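Sharing a structure here in structure tokens format.
Naming follows writing order (A, B and C), and every chain is counted from residue 1.
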Amino acid sequence: MLTSIYMIAITAEAMSGALTAGRRNMDLFGVAVIAFFTALGGGTVRDILLGNFPVTWTQHPRYIYMTITGGLVTIVIARFMRHLHQLFLVLDAIGLVAFTVIGCNVALKLGYDTVVVVMAGITTGIFGGIIRDILCNRTPQVLRHELYASVSLMVAFLYLTLLRQGVGENVTLLAAFSLGLLLRMAAIRWGLSLPVFSYSQTRWE
Amino acid sequence: MLTSIYMIAITAEAMSGALTAGRRNMDLFGVAVIAFFTALGGGTVRDILLGNFPVTWTQHPRYIYMTITGGLVTIVIARFMRHLHQLFLVLDAIGLVAFTVIGCNVALKLGYDTVVVVMAGITTGIFGGIIRDILCNRTPQVLRHELYASVSLMVAFLYLTLLRQGVGENVTLLAAFSLGLLLRMAAIRWGLSLPVFSYSQTRWE
Amino acid sequence: MLTSIYMIAITAEAMSGALTAGRRNMDLFGVAVIAFFTALGGGTVRDILLGNFPVTWTQHPRYIYMTITGGLVTIVIARFMRHLHQLFLVLDAIGLVAFTVIGCNVALKLGYDTVVVVMAGITTGIFGGIIRDILCNRTPQVLRHELYASVSLMVAFLYLTLLRQGVGENVTLLAAFSLGLLLRMAAIRWGLSLPVFSYSQTRWE
């Protein structure tokens, strides 16, 4: 089940990455690279930070094909995608939760400390978008914007807490997805966001 | 043979990196850092992604000295380098092919799937330039521009196909370099490039 | 002793990272991420390049808590921090030396070549700031500016030389900190810097 959700999620992320690449006038190759990293970059950073080699996607060629195909197909259907806006927001939220849960699981299996497990979940959830923004030379949106990374954080906490309480995996997953989707949709609907820290002192440090 | 070509290639890449650093008014240290990463960053990213530790250059100090020296020498001879423009384009193309072939070989030896082998080749070929551009705060040229990354892709395909057909290594290398140089020179001469994906919708995803 | 200095140093680096995040109007989450990477990013890059897994901070949760707390506290006290300017410059210099020495030690223990040991020291010293600047979408200051990275380089050389001469560890550390602090303070006081390489040729490579 989680695997099917994951496959849908990486394809959706790849397509969103391709649109960002299009805003930077990238060529076909650049679109494929950005699509790939937006979808699989979070898991890659997690695997490297945790020393979890071989990196997951190197053992699952179909993930590679799906993300690159997703990116290239986006070029063709970009003009119609505006109408799928709502669908994409939902798929992106599903992806965020799936990535977070999978990231936590990887770190749990490797026996890392709780705080590292939470960070592995968040890293999987948000680093694809951070790499996309770095490659497209813009300040990572996820660090400035709406409840997004925080949703990942709260999902990771809930997931670990329920697991530790001995709640069954299906119920735990259901709870994680419910919380994550509700929070994320509420954040979009009402523009919820964390307080912003603005500091305009001229350089002094 | 491939090692000699490789040494020339990393020096040429280091010099090109130094020029980009000069456009950002970096100091001697910054020039050395950028030169090093432009030349050896692709192989570094490849080794990390493939879990191939220790990273290659840590075992070959002379690669480190050559790239840093190449970068610093560039500062002195920069004013004359305009006249060497053509030579550099050729050295850069030779480097692209050498990096690609070496990257494929590393992944082959580690037993990775074909698509990962191809990606290892391309990563070695283009990620030095991507890191250079990230450190210089500009959108990676290689994702937007001319046939460059695609040349690496085609070289990797040809190289693997010939190897699988049992063609001898010398012939295979000769074919890879011929194809790569021809394609790259043709791309420069006639401004060949992949189609560009331009997407100007305001942010919606 | 070095551990206490290290804890103070990562907190100071985290706070300086938070201020940079504030200049980019990041939200609480972004501030925490930037603070974390500014303080611990250098050691992370070093560990990954050296294949030194598990990455150090994953085994020391308190480092994670300290940097994130340091970042978030900065938001509250930012308005008063201008008056602590001098103190911060000293803490930052102490951190630079501590990071450099610790980085050298990690590579020494793993048996790397001298030049790699020096690079491990410098990487630990300066890569936190480089990652901070990449995440904040600006050209890394450390590659352009004042004697900073060069201080790290000279400290690494002195440290290794004294160790090889059989000088005791305490004296070696004292010498490294004295040299580093003096050089850094002199660089700030008199605006010392390395020569800058400016190259304005239009793109040709």
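List of remarks:
We take it that a contact is a pair of C-beta atoms (placed from the backbone, for glycine too) under 8 Å apart; a residue touches a chain by one contact, two chains touch by 3 or more.
These figures come from a predicted structure and were not determined experimentally.
Under the touch definition stated at the top, subunit B and subunit C share these contacting partners: A. Subunit A maps onto subunit C through a rotation of 120 degrees [Cα fit, steps of 5, range 0 to 180].
Each chain gets a centre from the mean of its Cα atoms; for subunit A and subunit B, those two points are 29 Å apart. Among the residues of subunit C, those in touch with two or more other chains are 48, 134, 137. Taken in their complex, subunit A has these residues touching subunit C: 48-51, 112-116, 119, 130, 134, 137-140, 142-145, 149-150, 153, 193-201, 204-205. On the subunit B side of its complex with subunit C, the touching residues are 16, 18-31, 33-34, 44, 48, 53-55, 58-59, 61, 64-65, 75, 78, 82, 85, 88-89, 92, 134-137.
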